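Quick heads-up: structures coming right below.
You will see two complexes here that share chain A, one where it goes with chain B and one where it goes with chain C.
== the complex of A and B ==
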């Protein structure tokens, strides 16, 4: 198992697109924290921010794009045609020849992705929160370690969510389009919360309750409940994706 | 040793059985679409059969803990992501089966790709991709080789090199199974022949046995598989 995880880490970090995801994830949130600082300061002064302790944490959202790209690329790279001469040939063939036990293979893939994404999330969260503290000083209370860890968990689960959807779709473009539109342009899940409060429990938004306090949704979800609900969503998706991956021909 | 036993797959394979033995080159012949690749993919655990078994050295492929050390397989393309260098591709494959890194340079040298090791696989010619695929197959120095249309895309010197490689591999006691739809490339290389047509094995035995009654292996092949094919 250790050698499989090692191989999957090598595979993931050997892809140029994975590095785009890594860099985007690492840079976007701290950059936003700096750019946003004057506006955020005014917002706090005007009382527009419900809970000032959310400040740095809110900026983390944009960096999640990096985690999603990593989750997508880890799977979509297996299904990309390897050459124009051989349209049916994909890396997946080599992967399954090297690791024919599919459950073990997927476990190794998921572990490798989680390690990379969690490390990315931790570095990003620490950097963003440190910058926020530096710029706002006493305006923002110092971040609690528990909330930082919760943010890293959210980050990792979102990477795995993108990973499992891509495994079901066998195509990275679809997943990426849906997740990017949903997380940056307009959140369908958020709009749905205007229709029914239950939409607050959808996988992409429920997790944010783990580390954000002043969210604008009709229901109050405690952090631990939020964590459990999101973990359950991701576990269920992974289970379905694993089952279909087992059944399908490669 | 490869043992295919009563393999069936709806619409593709009908009760396919044959063996490939150590120290011999077994040619798996058939027209395009006859079921060669399908059989090999089931043998390698990539696709599923409805009935029957396909065993390598007595076990299903997926039951070998480090399969690259038992079977070397070459299928369509190189298997390398186009953004990855040849060396990077072989390194992750070696890592997955706990093989030493030094093995990567050895196999690159063996297939004559050392000079191109740092080049991205997406820029490889068809012939170079085949060589990279073969390098991957040889990583674990396996006693069994399974090659699907191995000379496709190779230039004449590459084809000659492949023939010599296959002969010497069998000479070292390896089991070599290769599929092909071309007769010329198999003449003089194969010891045993299995002919498949429309998902059924229509003949199998030594080259002499299958050719008996026909002037050449090609004539035997055409007589056994012609089945109304017109050009």
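== the complex of A and C ==
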């Protein structure tokens, strides 16, 4: 199992697109925190921000793009045709030849992805929060370690969400489109909460309750419940994806 | 007993032969776009999502979200040439002059996208800056949005103007919004041609139009007029599209296929 995880880690980190995801995820949130600083300072002064301790955490949202890209390419790279000379061949064929037990393979893949994404999330969260503290000083209360860990958990779960959807769709485009549309400034899930309060339980919205306090949604969800609901979503999706991957022709 | 069938005289030209070379290039490119299963699926999904979002009565513009479908449509239209079998090699064998080929591709994509964009904007049935009712609604919404410092209200305001628009206004608005979708599709095809990889190009196009542009609009008012804003066609949107297409065409011209 350890060697499988090691192999999957090396495969993931050997992908150029994965490095794009890594760098985008690492750079975007701190950059936004710097770019956002003047506007954020004004917003706090005007009392527009419900909870100033949310400031650095809010900027983390854009870096999630990196986690999603990592989740998508970890699977889509297996299904992309390998070369011009062999249009029908895909990396997955070789992977399954080396690791024929599919559930174990998926577990190794999920562990490898979680390690990379969690490390990325931790570095980004610490960097972004440190920058926020430097720029706003006493305006923002120092972040609690629990919330930082919750943000890293959210980051990891979102990567796994992207991973499981891609595994179901066997196509990176669909996942990328769905997830990017949903992480826009005015996200689709957020707008749906205006239509029905149940939309607050969609995975991306509910998960944010783990580390954001002043969210503008109709239902108040305590952080632990939020974490459990999001974990349940991701676990369910992974279960379905594993079942189909186990049954389907590769 | 052999029935001699009159052979077609060699001088008689078929419909395709009678066309000029440029016309045949255009027909070939349109034919490619119309027969790609991935494009058909992308369009049908986009249309279905538009219909669904219309039914749930979402606040704000639906097209802000469904433009993603058109961006992917544009990316796939360009990047399919570079997929697995590298179809681009056959294409260049048949049509070796690269700049005219790039122009033909853009024209073919415009022609194919136009009816699809109209269908989607008519389904979304949103008014635009045209028509007094819609304009007033948009203005009021934009003011409210500026006061609250958020874009949602502005879009809701545009939606509020909907009631005032008559049917012909709706059609007018659909044509207007379709213009934006066509521009976005063409820009995405530029990204596809430049990056030659579908997932990479889709990531770039979607991030640029759905994340970077709206964020930059909100944070940096100084460059606001230079950013495209869904679903309004603007000079900025046209400039983005032209830039993407020219950079892609130049790269296509100079690079090994």
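Keep in mind that, in the parts below, the second predicted complex is superposed on the first by the 248 of 250 C-alpha atoms of A that agree within 3 Å, B and C clash if a C-alpha of one lies under 4 Å from a C-alpha of the other, contacts with A are read in each partner's own complex, and residues count from 1 in each chain.
Going forward, a contact is a pair of C-beta atoms (placed from the backbone, for glycine too) under 8 Å apart; a residue touches a chain by one contact, two chains touch by 3 or more.
This structure is a prediction, so every number in the text was calculated from the model and none was measured.
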Side-by-side fit of chain B and chain C on chain A, or clash: fit
Return first, second, both or neither, reflecting whether A:58 touches chain B, chain C, both chains, or no partner chain. neither
Looking at the overlay, what does A:17 touch: chain B (first), chain C (second), both, or neither? both
So in the superposed three-chain picture, is A:242 touching just chain B, just chain C, both, or none of them (first/second/both/neither)? neither
What is the angle, as a multiple of 10 degrees, that the CA centres of chain B and chain C span when seen from the CA centre of chain A? 80
Which partner does A:192 reach: the first (chain B), the second (chain C), both, or neither? second
Just to be sure I read the superposition right, which of the two partners does A:76 touch: chain B = first, chain C = second, or both, or neither? second
Could you look at A:128 and tell me whether it touches chain B, chain C, both or neither (first, second, both, neither)? neither
One more residue to check, A:97. First (chain B), second (chain C), both or neither? first
Shortest CA-CA distance in Å separating chain B from chain C in the superposed model: 10
Based on the A-chain superposition described above, do chain B and chain C contact any of the same residues on chain A, and if so which? 17
Residues of chain C touching chain A in their complex? 56-60, 64-65, 68-69, 72, 76, 83-86, 149, 151-152, 155, 198-200, 202-203, 206-207, 210-211, 214-215, 218-219
Using the touch definition up top, name the residues of chain A that touch chain B in the complex. 3-4, 6-8, 10-11, 14-17, 77, 80, 82-83, 85-86, 88-91, 93-94, 96-101, 249-250
What part of chain B is in contact with chain A in the complex they form? 41, 44-48, 61-62, 64, 67-68, 73, 75-84, 88-89, 91-93, 95-98, 121-122, 124, 126, 129, 136, 153
Would you tell me which residues of chain A are touching chain C in their complex? 17, 20, 32, 35-36, 39, 43, 48, 62, 65, 69, 72-73, 76, 81, 84, 87, 172-173, 176-177, 180-181, 183-186, 188, 191-192, 194-195
